[in-house]
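Multiple structures are listed underneath, in structure tokens.
One chain, chain A, appears in both complexes that follow, with chain B as partner in the first and chain C in the second.
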Partner chain A sequence: MAASIAIRLIFFILLFGCVFAFEDDFHEELLVKPMKNGQVYTSFQFTTTWNVSVEDEKSFEHYHLFSKSLGEVLSHYSVQELHLSLTQGLWHYEKWGYPVHDAPPGAELWVWFRPGTENIDQTWTDLINVLSGMFCASLNFLDHRSVVTPHLAFRPTGVTPSHHQRLFAKNIRYATLPNENVCTENMTPWKKLLPCGARAGLTSLLNAYKVYDTSYHSLGVHFRPICMSDDCSVHGVELVQSLAAVFDPTLTSRSQDWSLKKLFARTMSSSCPVASSSIAMVDLSSNFSSPFTLDPLPSREEIALRGRIKVRYAVYEIRDFARNQRVFNLAAKYKSEMSFSANEPPVVHAQRFQTGYGQAKGGVMSLLYNHHPKENIIVNYLEVIPWFCRVYLHTLKIESFDKTVHDISANGTIRKPMHFHYVPGKDRQRPYHLELLLDLPPNSVTRLSFEFDRALLKWTEYPPDANHGFYIGSAVISTVVRTAKHINDTSESFFLRLHTETLLITLPTPDFSMPYNVICLACTVVAIAFGSIHNLTTRQLIGGISCGENAVLV
Partner chain B sequence: DFFDSGHTNNWAVLVDTSRFWFNYRHVANVLSMYRSVKRLGIPDSHIIMMLADDMACNPRNPRPASVYNNANQQINVYGDDVEVDYRGYEVTVENFIRVMTGRLPESTPRSKRLLSDDRSNILVYMTGHGGDGFLKFQDAEEISNVEMGDAFEQMWQKRRYHEVLYIIDTCQAESMFQTFYSPNIIGIASSKVGEDSLSHHVDPAIGVYIIDRYTYFALEFLESVTPDSKKTLGQFLRVCPKYQCRSTVAVRTDLFQRDPEKVLLTDFFGSVRNVEITMETLSLGNETTNPQMSNQVCRSVNMSDCF
Partner chain C sequence: MEGPKVSYRCNVRQYFNEEMLTYKEATTLSSFDDALEELKLLKENGKYTFVLIPEGEVVDPGDRGYIGRHRSAFLRSSKDLASLVSKISGVMREIFAAEKVIAKAWNTAVGAVHQQADKDSMRALQSQPNGYEITFTLLNPQPSHVRASWNIQEATKRYLSPLLSALHDYTNIKVKSQYLHSTNIGVRPKVDQVGGYALNIDQLPHIINPIEAFLGSHVSNNPNLNFILYIPLRDQSPLFIYNQNGEKVASNAFLSPRWGGFLVHNVRVEENASLPVDVQIDERPVMQVFAAQLRLLLGVSPLHHGLAVEEAPAGNAVITDWELDLWLRSHCLENLASSVATLNSLAQLLEKIGNIVINDDIGREVERAVEQIQISHTALSQGQLRDAYLSSRQAKQFSEKAFFDPSLLELLYFPEDQKFAIYIPLFLPIGIPVVMSVLQSLKYLRKKNKQKME
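Our next item is the complex of A and B:
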């Protein structure tokens, strides 16, 4: 008996030893940024860190806070880094500045596979199928017809593996699905990955009826390996789940005032008990142009340096409110009813549109703005064009203009790209992949354009709504800038990624009822013409003899 | 009696085959069924839902992230924890047949598979635009009633179901199950051959018809069903008489072995696990010390079956 107790004790010690060996943390964060035009940008960020190494496959066996369903997938498909976003609406850089996590309209997925992963293309195919089931999105359409291996546009955001650096550079896959819808069905599985689900903490604010009633909303899942110690001798992994939405409180009431209750129609009465930190922050930078007061008063104020720009934040420790059994409803009251001012545009932004007319030819034109008064900015421009738009590379033209010149139809200074990477597309097999490294002069607009031919699809390749048109995914602009109103970066210069508009093009679409019409018409002609001619030519017409009432025509 | 119906698990395959905003009602139909089966206990992992278009977050929807069964916004059938397995362009005849017969590519995730067995009761609900002998998918292709019948036969041969309740809400819906020849299928159609199925009413805020008659009344009936209710399939077969539906609800019961009047509705719409309460005290001592007790509990059954 004593022996069995001793064994049990040892077992429990071992069990607790295992439990306590977990070093994982969960942080939840809400950033509210009132913008000068009256809109309110809210960005949720849920971060789980865990002290396991992606290189050690056995480490993904015992789970605590990290989502098991996702962890198993990442480990099974040798994922080094994964970034998925599901977005609806377009981020307006000129009006809103830069978001915390940039995302194009629709779905975007880019994955770094671990070095030594065999047959990456097959692994990607299996992974997108699993992710499509996991997030209720049609990610399985991100197949070889839309996937590319970017050359410079995407770098790992986390720790890179210590060996096989050269081979590792080819282990990335990138694809977008510009026409993917995002709705509650995507948020449901996204919430399930969180340790507190939708029950407590900041997630309890996420009311689908309000979040999806906004002009821009974006869901994101970002997984990367990170350093857990200062000298980076201990590696860990980080899972960031983000949700952003841009609300417009002025649409429903004649005042700029906003509160969490007004935006989400919910308040928060508890914090997630397993969260190490649970904070809400309000960006006070628009407080100068349109002053507002916050209720309740913040726990503290923090000043963050963004390059040379100071940003003030009001910080709320949500657990203090939850501990005192108080409902947390952050509210801002404006001094004047409506005081809007225009935002100055950020340093770099871009616009893209299609050119040309008719159903045979088309083109793409992008305008890349550099608003910096003195400095050149080097940007990488990535364009992935579906195979059915056959790009003519010789039509690629890059010109730059002084920003003060409004007529950009004129000829500007011809620019040559500093670096050039082009993989031509193949029909039904791979997209056109163009990457350019461009040097944007200060205070300038750079115009980039090329032309393409629209392909005629096979009739089974047309989607059911072919007349709606076909999408070309966003172009991706990556750059390093010195100053910008970014949120999560305090270094002197930092990396920036922007996405342009998606394009909706029409392909020559046949009238699908045409074969039916032809069959009907042909049958009618045969029935009438052939039938009557056959009748006339084969029947013998003899005049009948009238026999009283029974006149017969044979 | 435990499971006298003979099934141990429940599945639901709910298919909307129509795209475009003017077919809002078909999405609402499927979501009505989804709401009912989920409420009655079938988990999302056992529901395969196919929606050919996104109505809830469609820019034309004045009430984002919700689909109502009624212009008075009685029931939000979309809910706030919905999961859709096949959506948009994924809703094709091929995918539907593959899901039913289990012939999916290897990398297909579990949530997109019908992992049923010979003890599964499956509810199959389809809605869309149809005609005599076919149902259109996304206005681009169609499934014929012969293909449908063969798919069920394949399922039967592969022991993928125990019983099937097949409900279809479309024009001339009866024609879809006239060609079925596999056992244990009961079919309900919203209209007879030669009849159109009609929609219920318009929501002026949405601008189109928002639900079909048969499903509207079926949902109304299902709302009164609880997991422990004793409502029978026979009662459900009488839902939507001609004065409500304006079409004749057709039923096919000849393939079904049991009497629908004695089949609980929750055998198909719910996932009810029976619990039998015994008033006798059972001693869980060693069987060597009390062999008679064990014998009492397991009459005429092998000892090994008791454990």
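Our next item is the complex of A and C:
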């Protein structure tokens, strides 16, 4: 029990962003990370900070850099913290490492409401409707049938009103929409929230044709209250808008070379005039395995310590380039034409499958990997299963294996979760919500599996194209690790959140044309019967002798 | 359709001693007007005082007469009673009660009389029971050249709060502001003769289209009034707005009906100035223009009367007390008329679509609306303007709620044709033998007739 409390404390770690007392500030940042397999990860981050208290509704009336349309929504629905991501494609942890902002395929939204918010469920309903209009996404489907109140997985990332802590714990809502298709219509409203719009600065690179032609892209909006002074006496708010895309330059040409022009089909001629800083960074860690040269030369090089690992970055001050009226086209030229190497998998990652066969029963199996050679890693595993998969908790099995064992169908060491939180689902009302705190031994694979029954839906509940199947959202794994190649953290240990694959399951689906077929068949039978009876009763039957014209049946 | 009936009650009295005292202290008409207001003897919506002052006093309303900021008019008393009475009734009917304005408000809202669209009725927003949102936007398309800032919070407090507090009891107005950077207007100005740039009247409708997307609000259904302060591009300044006669508009602003106002603020950037140039915007002239536009948009229009009377300017208050009364009166009638019209069309809808289901909630809303309409009518006939307005507002809210209830919308789409589609497999095969035998029997009968004829 004591251990569980200690672990809980770890999850309370808050990430403070300390900014000095300005009215408001805007920073734009681009990170380019060439990966060892030839793909290029680009991550844009636009940060707006504003020194108003999130609790003070009066201050959300006059806006400067912060977007008015979003600010109004946040203050009207008493949002303490909001994290929205819209993603297309799956992030491959084994190949790509960890992203800056982790996001599952589809849409994910989690919101902390301010303490004292009355009727949170209603507020959530109103909020998702507004957001779905704002971002042109079907977020309005994140209703009570898919929303849960996570216990440990999602803690506030910003400053919390400490005196309300107990009341606060129930004020979170989390929901995902795994089947959401993300495209330009989501990016256009997202761009509108930026103070420079799409015209100047790094946003001018965001060419929807190119960005949505990638194997992975993710839009994010993250709002949280932060400290504006060192002693945290002044609170402010921070809005981070992120966009990540993984390009594959080797697909279109026979070389590994990339440039901003090649990736985005655009170049940049100015920085955003209202931005306090405008930076592009290139991660040089893959420079050892496949050496490349950068053109133009960076303004400076920086070495950052990322969890005991040194990472070198080439940093460009875009404003310097813009001032000299030069077009900023960052390009990398590789020494050899193609040189790929395999990426070593990150410390923790996971995979999830669907098990079972037939249309009555099914199961879910997750494999959680801990690649750390010596240390145990404690992870929190959150699974939200829609109500139409009726989970049998007694079938939950957690076993761990040595990493070298390949046959995972064998029996391993049975593990008990350190902490266990389960809210059973209710038909058409709420999903199944399972949270487990697991201790992953070093160099191991942990197998977690459970079974469920597939429900038969009412005929109006099937979506259009019901034979496509139904999605189960990603499982969320949150943990604190000591070492990993992570990007925006310099502390000794840092918080990590990963998402697994979504699952597509088929439910027993009726033949929807059947009612009409039945109607047609029944009507035909009735019509045939009617026709013959009608004939029999209305025609005069005169048998036998032919009597000239009178013999005609009438 | 005849307009609403207006009836007046009047009585005549001597001054009270307090009034005489203030009169003796006053030096000008407007100070006397303010002092009378402070006595609070006359402070009531819908009641007006005519103060008759003999000729040759210090405080002289002149031959034309003077209408104060509050609810009094000052006239010079004369022996010619007939002309005095006609003056008083003229001021009463055309200014204080503004019968024409009220009749027009009523008729427009009822929608019974097809009215020629005129500027006054098109300009103002229709009466909104829930309130308005006002957004001030500083549009700076070139933040790399001009770093403009305004203290809009202070400015709205100083220049708009009298108006907001005057309307506070009657409508809910929220004031917000924002900056828009790097967004530009939708038209390219032309070069004018004097070295500046010109926006002609035919270009004005296209200006707001590109910025419109940044102005709406996602949290409120109330209509939004936008006031935009535009700083022209460096290579397009100075920029002036020209009217239809080809003259510069003195205020360099224009008003878009039911939408808001647009003001061009030219900034001088020296050739060799280091960029960006810091510009602090002087709020006073800006807010004066916006306040004047706001008056028009809210429906406090100037009266077109033929009377030779001097009117006290509203000044800082933006709206005078008698204008507020007039606003209440016309909006009250507008609310009542549109509420009645809404209920009528709901009834028509019911008659037209038989299978629509009205649930109890909607029924209750309709009953409440009718009740509030009746209350408002009684209050109006007793001259209680405030109560009448408040219940008319509620009546409008209830009737709209009933009319726009989502449950009505669901049932509106009741596909009759699909029923037939389903029954066609039955009707068609059954119909064929029936039709055939009818034809056969017709043929038989005809043949029989022929045989008889023979």
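In this section, the second predicted complex is superposed on the first by the 513 of 554 C-alpha atoms of A that agree within 3 Å, B and C clash if a C-alpha of one lies under 4 Å from a C-alpha of the other, contacts with A are read in each partner's own complex, and residues count from 1 in each chain.
Everything that follows uses one rule, which is that contacts are C-beta pairs under 8 Å (C-beta built on N, C-alpha and C of every residue); 3 or more make two chains touch, one makes a residue touch a chain.
Quick caveat: nothing in here was measured; it's all calculated off a predicted structure.
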item	value
Partner chain in contact with A:Asp320 - chain B first, chain C second, else both or neither	neither
Touching partner for A:His76 - first (chain B), second (chain C), both, neither	second
Touching partner for A:Asp56 - first (chain B), second (chain C), both, neither	neither
First, second, both or neither for A:Asn140, with chain B first and chain C second	first
Contacts of A:Val130 with chain B and chain C, given as first, second, both or neither	both
First, second, both or neither for A:Tyr212, with chain B first and chain C second	first
First (chain B), second (chain C), both or neither touched by A:Glu337	neither
Partner chain in contact with A:Asp402 - chain B first, chain C second, else both or neither	neither
Footprint overlap on chain A, where chain B in one structure and chain C in the other make contact	130, 133-134
Interface residues, chain B side, partner chain A - complex	19-20, 52, 54, 56-58, 63-66, 78-85, 87-90, 105, 107-112, 138-140
Chain C - residues contacting chain A, complex	135, 142-144, 152-153, 174-179, 181-183, 213-214, 216-220, 276, 422-423, 425-426, 428-430, 432-434, 437, 440, 444
Chain B partner contacts - residues on chain A that touch it in the complex	88, 125-126, 129-130, 132-134, 136-138, 140-141, 180-185, 188-189, 207-209, 211-213, 462-465, 512
Of all residues in chain A, those that touch chain C in their complex	61-65, 68-69, 72-73, 76-77, 130, 133-134, 192, 195-197, 199-200, 270, 272-274, 516, 519-520, 523-524, 526-528, 530-531, 534-535, 538-539, 554
